[in-house]
Structures are given as structure tokens and as C-alpha cells.
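Across the two complexes that follow, subunit A remains constant while its partner is subunit B and subsequently subunit C.
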Partner chain A sequence: MPARILRSRLLWIGIGLVVLAALLPFWLSAYLLGILTAAYYFGVFAMAWDLLFGFAGEVNFGPTFLIGLGAYTGAILDNQWGPPIPVCILAGAAVAVLGGLLLALPALRLRGPYFGLVTLVAVLLLQNAIVIFAGVTGGEIGMTVPDVLSIDATVNYWYALAFLAVCAVILFGLSRSAIGLILQASGQDAVEAQALGFNVTKHKLAAFCISALFSGLAGAMLVFYEGAASVDTVIDISIGVQVIIAAVLGGRRTILGAVLGAIFLILATEFLRPLGQLNTFVVAAVALAVILFWPDGLLGYVLRRGERE
Partner chain B sequence: MVGLQILIDGFAISSLYGLGAVGFTLMFGVSGVLNLSHGGIMVVAAVCGWLAAGDLGLGVYAGTLVGVLAGMLAAYATYFVVVRPIQRSRAIPREETEIFVLTGTLLWGIMIQDGIAYLFTDNPVTTRPLISGVTSIAGVRTPQNEIMIAALCWAAIGLLWLLVNRTRAGKALLAASMNPRGLTLLGFELSRMYLLVWTIYGVLAGIAGVLLASFLGVSSANAGQLTASAFSIVVLGGLGSVSGSLVAAYLVGYLETITAYLIAPTLRPIPALLLLVLVVYLRPQGLLGRR
Partner chain C sequence: MSGEPRLQVRGLVKRFGGLVAVNGIDLDIRPGEILGLIGPNGSGKSTVMKLIMGIERPDAGAVRLDGVDLAGRPPHRIARSGIGIVFQHSRPLHRQTVLENIKLALLPDSLLRLAAAPGVDERARAIAERVGLGAVMHRHPSTLPFADLRRMEMAKAIARDPRVVLVDEPFAGLTGGEVAAFSELIRGFRAEGRAVLLVDHNVKSVAALVDRVLAMYLGERIAEGTADEVMRDETVRRVYLGGKIEAVAQRAAAAASAPLLELDEVSVLYGKAQALDKVSLRVHEGEFVSIVGLNGAGKTTLFNAVSGLVPHNGAIRYAGKSLAGMTAGAIARAGIAQCPETRELFGDMSVRENLDLGGQHLPRQSRARQLDWLLELFPILKERASQMARTLSGGEQQMLAIARALMMQPKLLILDEPTLGLAPVILELLSKALERLRQSTDITVLLGEQNVTFALPHADRVYLLEHARMLWEGPPARFAEEMGTGYL
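Coming up: the complex of A and B.
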């Protein structure tokens, strides 16, 4: 086994890319580093979403429900009691996992659009709750956190990169393991998977918990990077749509494609900023074109080509 | 007094919700498509109607017609640019068509929303009332426009009922929603049925958009909210069930109005959302849905 892993091309390409990315601060400006840092956290959101959708087949329209739970838990904890940052982030992840279990309950009973609607409603309810309890959460304006990960752009960038790399290894490993296969099977035909003797319920619950764990972690990390949490940056439905676009652009069921999609999406949004209002329009149009013409996404398309040759 | 006020205001808004949701559910019943650009189409109708009535100086009634026409065209565009290519694509596995249609129409809705905001305005547009004046109903001062809107909604729903139950094309449509394969075996062209249902859908969404603009005002930023409310109402009533959607529309409309009047306007959407979650948990097929 270890020998096979060492010989796989993917591993070396991965290590090469991470090293290359880690050296970027020596060339890039702090401004570009800041954009990439956000893109890396976004990449984790998209990977976590891909695990649920691509593998477990669950149409989750509310990735920001899990992200927002993690982000706001971390931020509120830090504001109220001020424990060390890692404690806040872990607490955020724990609450997100609870939220994931809450979402998993309907997912075990409902299919397709029905479940999609529940996730959408979950986001709306969370958003409303934050506005109602404005005293603690800062309401529509958002809240700042007294502590941040680092004030140095390079250090922040390295944190994000390391976090992304660790998440990518774990999630990719999971997706290529027996668990990933069983999830895929139960996503495509739950009855048949059950008939083959797999515990579909257990695996789906696990998928929700894992997806929620990484979404919550990334959400909380993002808050302590930016030094603020607001509805517009971590909860709004448009953010959730962007996560979905990133994952679909990069290629469903590839996990790593989601990272490519996220980086592409954030960079594209940034460079199209001069277009002003048309910015989102162009990004949505590009994503629609990809869905219509290359439904497998960027990485999926490349992999398909590779298989055929 | 407040009770009567709620009864009257709730009726108008519920009728609008119902009209918006009927097309949505009919479309799902016949072609299995959930159109997440629904709100976008309503906004197109509203803004075009407003432009035609105001800037082009056509007046309120012609403006309304232009708006409805624009809604229909927007629905055609959605079908031909987004939905049909996805349904016919060979690269998309059959069992994933549904999620692709959902994602595709979602993106299309965002494009419509931003396109309208860029080309025209992202401020709320409010068209002049169809008729002005105020009537007193048992002591509650009610704008006549509100009565007119409720009446128009029900007229449109009534016409739809006649179309579906009394005409040959409508009966074929009903058959398509029950058993599409059976219908093709009888020699009906399914693609023509789809075109028909998109036409009906576009007109209904257009009317709903235009009337909403003259009642509450519509802005491009509302598109997502409008889609979400139509989607919720349709799921609450049971996907594909027209009468279920109407019942659900009144339930949601009144629940929101009661909350806004008696508790607090800021909490307006919350009870309806909670009800929705509850119903979906306990009775996933919705109030009047079939499984």
C-alpha cells in the first residue's frame, strides 16, 4: 500500500503544487495574497459541499447554514468570553456538526427538491435568528472579533494554505476510500446499496458530520482571518450559491476540482471588479456555460479526456 | 377591526402568492421542472410593465399587457436557453437532470437579476394603481386597487381552470402530468405540451409580477425572495397539486399578515418558514400532494 501511494503521480503533483503555492508570498503583493487566502477558505467550503452532493447525492442549497454556524459561534464566543482562538474555532466546528446532524435528520427521509428546500429554509431561519438577536450577534451590520489569527498577510496566507492542504488530503482520501464508494452507491440508489448490506443511514450521517465539521472549521477560520463576521460574508444565500458554483465549475465528485473552482471563481470575481454590477452577471453566465457544455466541470473534463486516451 | 383589516389585506397578498405559485406547480406537474429563476421572470414582467407604462407613456393598462408579454418571453428564453439544452444533453446522466435544471435555472435567475439591475434599475419599481380610489368595507378603508388585484388573480386562476378542464389542449396537459408516456402513445407530441405549459407558466408569472409591482412594488433584489416564497408555497401544498398550492398560498399569506399585524413586521416570514419545516418533516408530500 505505502509503496503504491508513493508511486502515484497525484501525490507528487499535489506536493509540488503546495510547495509552489507556499513560495508565492515571495513574489506576490499583500493584496493578491489576501485574495488567495480568502479563496483557499472558499475552497474548503466547496470541497465540503462536494462531499455531500457529489458523493452522498444530497442537494444541499444551504452550505452557508453550516459555515455560518461555525463562523458565528466562534465570533460570539470570542466576543463574550475571549478564550484562545483555537478553542473558538473548535467550538464553531462542534456547533456546525450539531447543525449538520439537524440537517441530516430530514435528509434521511426526504429526497431531491424537498431536502433542497429544507436546507434553503435553514439558511433563511438562521439569517432571521441573527437579525432578531442583534444584541449578541450584531444583527445585519455584523460583528468584529477582538482577536485575529495574524496581522501579517504572509502568515495568514500560510495558515490558509496549510489548512486547505490538510482538508484536501483528508477529504480526498475519504472520497477514494471504501466510505466514499459506499456513499456514492447510496447516493445513486439507496435501496440497492442497502440491499447489498451497507448501512446507508450510518454513512449518510457520517457524511453530514464530516461536511459540517470542515465547513464549520473553515467558517470560523475565515472569521478570525477577516476579523469580522457578517450575514453578507458567511450566511447570505448568494454566498451559498457561489460555493455551489465553485464545486460544479471545478467538477462534481472530484473534491480537488472544488478547490480549483473556488480559486478560479474568487480570482475571476476580483479581476472582473471593474465591470461593477455586471461582475456577478458574467460569473453566473460563465458557470451556466460550463454546466451546459462541460457538465463534468474543469477537472472532470480533464480526467475524462485522460481516461479516453 | 384589526381582524377585518387582516382578513382583507391577507386576501389580496394571498391571491398574488397563489397566482405566482400555480404556474410553478403546473410546470412541475407536467414537465418535472422546478424553475428557480421564477422570481427573475416576475421581476422582468414587473420592470418591463413599469417601463412601458411610465417611460414609454403607454399608460397603465397597455403597460400591464407589455409586462405580461415580457414575462412570457422570459419564460420562453428560460426554456430554450437553459432547460431544454440540459434535458437533451447527452453528457448529463438522466438521474442528475433534475439537479442540473435546479442549478442552471438558479444561475439564470442570478443573470436576470443582475442584468435588470444593470440595464434598468435596482430600485424598487411601483407602477401606478390600475384603478385609484378607496372603498370602505365594513369600516375598513381599502384601496380599490387591492380589490381589483384580487379579482384579477382569481379571474386568471379561473381561466386556467377552464383551459385545463374544458379544452382539448388542457386535457392533454392534464394527461401529460399524470402519465407522459401514455400520452405519447396516443400520438401527442410531448415537446408541444412542454411549450404549452411554458407559455401558460410565463403568462401567469407575468401577471403575478405586474400585479405585485402595482401592489407592493418589486425590485430586482427581490428575485430570490420571490422564488423562495413560490417554492415554499408549492412544496407546502404538495408539488404538482394546483389546489394544494392555492390552499398553501392562503395559509402562508394569512400567517404572514397576522404575524406582521399582531406580533412584529420584522418577524413576518418566520412562522411560515417554521410551518413549512414542520409539514415537510411530518408530511413530505405536502398538504394535498400525491406520492
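Coming up: the complex of A and C.
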């Protein structure tokens, strides 16, 4: 039973890492904790994206469409009516799923690169809508929210870590379940998956909804951590590109690799900040090198070596 | 062998644009019967299989499974109704073991069942044992030999417990012993009362297994009966061989000159399938050499190896120099022009633009001269000069493809199956054009064909390729005597 041993080993490594991460506030400065907090939310974005790309085989060029829907729904709700934060966050997730469904239903009928193009256009549409309805959304400047999760950096950090851990368990479990198997088959050879009796469209749609759910949740959480929502932080295409790079960097089809990729990417950007303009350039170059030379990503590379042995 | 047919296909029609790929096909398969569906490339047999499975939607006709019409339903519904397919090529799940790949086929089409039902593991193991994967079920597909990958595909089909099994080219790429094992598995389907459809290029490979054979050509049924009857059928023989084999006396001078192209023990592997096995070949300057062989024998692979499109072992020398390490583009510039069987025309460009592209690298004057000469060689292209390539008939497209290759002023012209899907009348036109080409230039030609009557008259020498190996070499006159009867 090598699979079971691996799984239990993975479980212990996971628990160990979470405990270790939970103890970090006793060593790290509030500044570093803040960066890690953002990185954890980013990790959820990247995991949700990997479920769609790595498993269902659909490239979603617009992860920020789903993230942005969740973030702005939560922010607007809080500003207009001010219900408790959990309600705002859940509403954000619900709207992200709904928006994702409306987008994916027609888009999944398209073949080839068109699905990706539709998702890209969706981001631009959302961005424009936010600018146009500036009265409610704050437009290009963005909007602040009256409530935040906590004003204490350590508490915020623990919230993010717990959220990340729960999402990781659910998404990873899903990827290893029967549905994960069917999704992988649909992504790799849709014709054969159909000939085996699987409704490929139904499964891909479900994957899109799950991806939307976690993206929306994380987007809304991020807003209530930062206390503000703006196009530059949750919707801009460049944010979407970072999510994609994080997932590919960490390892396609691994789910957990996406977290590593996200943390690496955010930390690298932060530590290279003294380089000024060069900062983004260096990070992009590293990402490019990894994609070119280790297309399976960091975790994917390790797993593949394990497979061969 | 009596009772109601399990699978009943009536009046099946499929059009792709202007092309009628399948035209009114009827077929019946009873429970416990194996039907062979054969036809050369482009005959529409694979399309029939896809129409039955629902991968393509039929334009007309019925596909009845035990009386229920399934035509036009999506493939997953058809699969759930009881039709299964064994694909020739598939992409297995590489991160999962063989056993998990088989389990996949046992899962329900449900979003709510997160874990496999109890008993699935046991069934998957039993199926793995049955198809001969017992020893390797915990390995990953990428570590398996080709035959085992095909066994896994077979296992997935068995797992679905279908009433009708469609098998695409059951024996392609397998060795003799493996063929016997797979035949036994397919006989097992028959013994269990499943209806089996085997789709293959020729009767020979499935003759020992099938109860009946249906032969197709250009989308229509041309013969039906036992394997023997179909093999003896006049129309079938004409389609595969082109009728009576005639060899014309050829100029003998060519053989004396230096070899322009030399292949020494060239082998090609596609993944794990042996597509070419130590093939040697010589083509002298000015010579016309034909390689005959049925579809799947390895002709296209051979040409692609020469053109630098697939990696190979062994030596390929052109004009005395090794082609190893040269890119496909460099090989083409050195004077080898390949005219692929798929023609690869630019469909949305005019005939003239296609030709101009072929002669892109020539200086303006010689390009014009070459164009004039080609339009003389293929007068029909002059009439069609401003028409879009896509709108040409099959024969005209083939002539355009040859003309475009000739625009490059090659020293060696490789023609891969130019007769593919062409009606007999067109073949004659094409044959005459080739004859004129031979008379008006000293170009060297390497022709790959399954239609022997088309391949022989022009040839100085003939090679016979079968199952990735060169079986025979000699002048065309002796081919008819020595190989003519055993070819089909």
C-alpha cells in the first residue's frame, strides 16, 4: 500500500508545517507577518486556479474575474448595509460562483483557446464596470470597508493560515477523490472520457464552480484583511498573471504546489523590493526560467522523481 | 447466429463541408458476432465508428442498440447505454497507476460520489488479471511497453461491461505473440455474447477473427460477406490493388548512376510502437522508385524520417552526405521535397498563391519559368488559378500539392500516397501527369503507394514494406509474379 503510506506521510508533513507556521508570529515582525498573510490568500487563489487548469485542463486567464467578484461583492455589501463580515464574505463567494457559472456555461462550449480568451475578456469587462459605476464601487481609486477582520497582525495571520489550511485540505482531498480522477481524464482526453460514459461538460462546469467558490471566498477575505478593495489589488490582469505564475511555478496538478509557488512569489517580490524597478523583472525572469526548465514546477519535479524510483 | 441484431445501423450519412465521408451505410451485428469493417485510409470507416459512438453527429440515419435509436446523442449517453470503444491511441492518466486507470472506468458519472463504491477495487483487479496486466497493475503507465498500454485500453472497455464493443485497429503496432493474445481477448468478447466491430485497413489482419466483413470505399459499402468472399471480391481487389497488375518496361540506365538517397537499417519508434524496423533502401539519381505497402506498413514514417520530421536510428545519406542533425527546413532546402498524404495545402489561399509560396525562395525569373512549366504539366491548375485551394476536388488538390512541391525545384520528389481517396478516373489523369513529369525532367521520384497498379507502371524498382519491415525488392515485372497474390 505505497499510496496509503504516502498519504499518511503527507498528512504528518502537512500538520507539521501548519504547526510551524502557526508559531511563526513568536519570531517574526508584524511587517513580515503581513506579507505572509497576503501570500496565504494568494495561495488559495493559486490552488483554486490549479484545480481548473491542472485537473480539468481549462486555462482560465481571468482568475481575477472570480476573485474580484468575491472581493467587490463583500466590500459593497459592507459599505451599503453593513451586515456581519462572515455574511459579506459568503455573499462574495456566492456571487463569484454565480458569475463563474454565467461565464462558463457558454464558454465551455467553445473549443481550443477560446475558453481562455473569454475568461480574459471577462476580467476587462469587470474592470470597466467597476470604473463606470464609480459611485458604488469607488472606481479607479478603490473603496475602503468600514469593518476589518482584526487590527492585530498576529490574529490576521492566524485567520489567513487557518483559511489556507482548510482550503488546502478540501481542494487536495477533492483532487484525490473520484471526481479528481474523472476531471483529470476529462482534461487529458475529453473524447475518451466521454466514451467511458462521463459527462465532461458537467464535470468541468463543477470544477469551474468550485474554483469560483474558493477564489471568491479568498478574494472577500483579502478585502476584509486589507480593509480596502481596489482594481489594482484584486482585479488587474497582472494580478491574474501572478496567480497563474504561482500555480505553474509550484507545480501543475499538485494543488499544494500552488501554495509554495504563491508564497515564493510574494516573498521574492518583497525581498527584492530594494532593487526598485528591477524587482518585478527579476521575479519574472526566475518564473520564466522555472517554466522553461522545470515545466512540472517545483513540487511536480519532486513528485516525478519519486515516480521514477 | 440468429435472432435480432444487437447493433443495427441504417442509412448512416456524414458530410464534412462538401465531402460526403459516409454515404448510406447499413450494418447489423448480432450478439456474439464479430464484424470487420475495412477500407483504405479515407474510406470513411473510422468516421462510421465515431458516428456509432457519438463522437461525430450523423447528418442522417439511425444507430439502434437493441432497438433503441441512439443517433445524435452525446457520447457519454451512448457509452452509458452500452456501447464501448477501444481507442488505438489514448492518453492515460500518467500520475496514476494502471489499477487506478482501470478504476476510472468503473466510476459513476456523478458529482456527489467522492469515493469509489466498495467492490470497485476487487473488480478492477479481476479485470487487470483477465487482460494480462496482473503483474504490472501498480506501475505507472509511462513505464509500460506498448502492448500493455493497449491491454489497459482493453481493460477500460471491459470495465464498462458494454453490449457492443468497437475496436479501432486492434493489432496495430503489436508483435505476433501479442496479436495472438489480443485475438484471444476479442474472442472472449464474442463468447460473452457481446457484439464486436473491428475497424481495420485490410482484411488480412482481421481475417482469422471475424465472422463477417464489410468493406468500404469513398464512404460507401463495396462488399460484404465472409473474409474469403470479400478478399476475392473484384471491387475490393480493384480498390486495393487497382485491378490487373501491369508492369511497363522501364529505362534501365538509372540504376548505374550513384545513389542519391541511401537508407541503412533505419528504425523509428513512436513511443513504444515500432513503426520502422531496420529498413534499408537505395534511390539512384534519375530513378523512379515505388514503395508499396498497405496502410500502416510504415511508408509515411519512412518518408518523414527522410524529411527530418521524426527522429530515427540508423543512417540516412543524401548525395553522399549524412542527414543526421539537419533540420527539416535544411533538408528541404538541400533538394528533398515531400508531398504528404494529407496534402497540407493552404485551403484559404488561391491555387496561384499556393504555388507562389512553394517557389518563394526562387529568383523571380526562374519562378515564372517553373510556374509556366507546371501549369503546362497540370493544365487544370491554370483554369483554377484564382480559385481557393479548399474548393478544389480531391484530384485537383493532389495535383496542386505535387505542383507546389515541384515549385521548390527539388532533386528528389517524395510522393506519399497520392491516390488517397481518389476516384479511378482521377487516378488515370494523375498517372498521365506523372508520366509526363518523368519524360520532361530528370527528377528523381520516391513514391509510396498502397495501390499497386498505380505504383508499378512508372517504377524502375519496387520495394514492398509490410509491418515496418522491407520484405521484397525488385523490378516491377517480377512483383506481379512473386508478390501479386500474397499482397492483400
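Note that the second predicted complex is superposed on the first by the 299 of 309 C-alpha atoms of A that agree within 3 Å, B and C clash if a C-alpha of one lies under 4 Å from a C-alpha of the other, contacts with A are read in each partner's own complex, and residues count from 1 in each chain.
In this section, a contact is a pair of C-beta atoms (placed from the backbone, for glycine too) under 8 Å apart; a residue touches a chain by one contact, two chains touch by 3 or more.
The structure displayed is predicted, hence computed values, not measured ones.
Q: Superpose on subunit A as described above, then tell me if subunit B and subunit C fit or clash.
A: clash
Q: On the A-aligned overlay, A:188 touches which partner chain: subunit B = first, subunit C = second, or both, or neither?
A: Both: A:188 reaches subunit B and subunit C.
Q: Mind telling me which of the two, subunit B or subunit C, contacts the most residues of subunit A?
A: Of the two chains, more subunit A residues are contacted by B.
Q: Go through the superposed model and pick first if A:288 touches only subunit B, second if only subunit C, both, or neither.
A: first
Q: So, does A:199 touch the first partner subunit B, the second partner subunit C, both, or neither?
A: After superposition on chain A, A:199 lies in contact with subunit C alone.
Q: Counting only touches as set out at the top, which of subunit B and subunit C does A:113 meet: first, second, both, neither?
A: First partner only.
Q: May I ask you to decide whether A:277 touches subunit B, subunit C, both, or neither, giving the answer as first, second, both or neither?
A: first
Q: With the two complexes superposed on chain A, say which partner A:241 touches: subunit B (first), subunit C (second), both, or neither.
A: After superposing on A, A:241 lies in contact with subunit B but is clear of subunit C.
Q: If the two structures are placed on top of each other, which part of subunit B overlaps subunit C: 61-69, 169-177 or 223-231?
A: Once both complexes are placed on chain A, subunit B clashes with subunit C in 169-177.
Q: State which residues of subunit A lie in both footprints, the one left by subunit B and the one left by subunit C.
A: In the superposed arrangement, which is not itself an observed complex, subunit A uses residues 188 for both subunit B and subunit C.
Q: Could you pull out which subunit A residues touch subunit B in their complex?
A: Subunit A residues touching subunit B: 53, 59, 105-106, 109-110, 112-114, 116-118, 120-121, 124-125, 128, 131-132, 188, 237-238, 241, 244-245, 248, 276-278, 280-281, 284-285, 287-288, 291-292, 294-296.
Q: Which of the residues in subunit C come into contact with subunit A in the complex?
A: 53-55, 74-76, 79-80, 84-85, 87, 90-93, 95-96, 100, 103-105, 107, 109, 111, 113-116, 138, 140, 142, 156, 160
Q: Touching residues of subunit A toward subunit C in the complex: what are they?
A: By the definition above, subunit A touches subunit C via 2, 173-174, 177-179, 181-182, 184-185, 188-189, 191-192, 194-200, 202-203, 206, 253, 303, 307.
Q: What residues on subunit B touch subunit A, complex-wise?
A: My answer: residues 34, 82, 85-86, 89, 91-92, 95, 98-100, 102-104, 106-108, 110-111, 114-115, 117-118, 122, 224, 228, 231-232, 235, 239, 266-267, 269-270, 273-274, 276-277, 280-281, 284.
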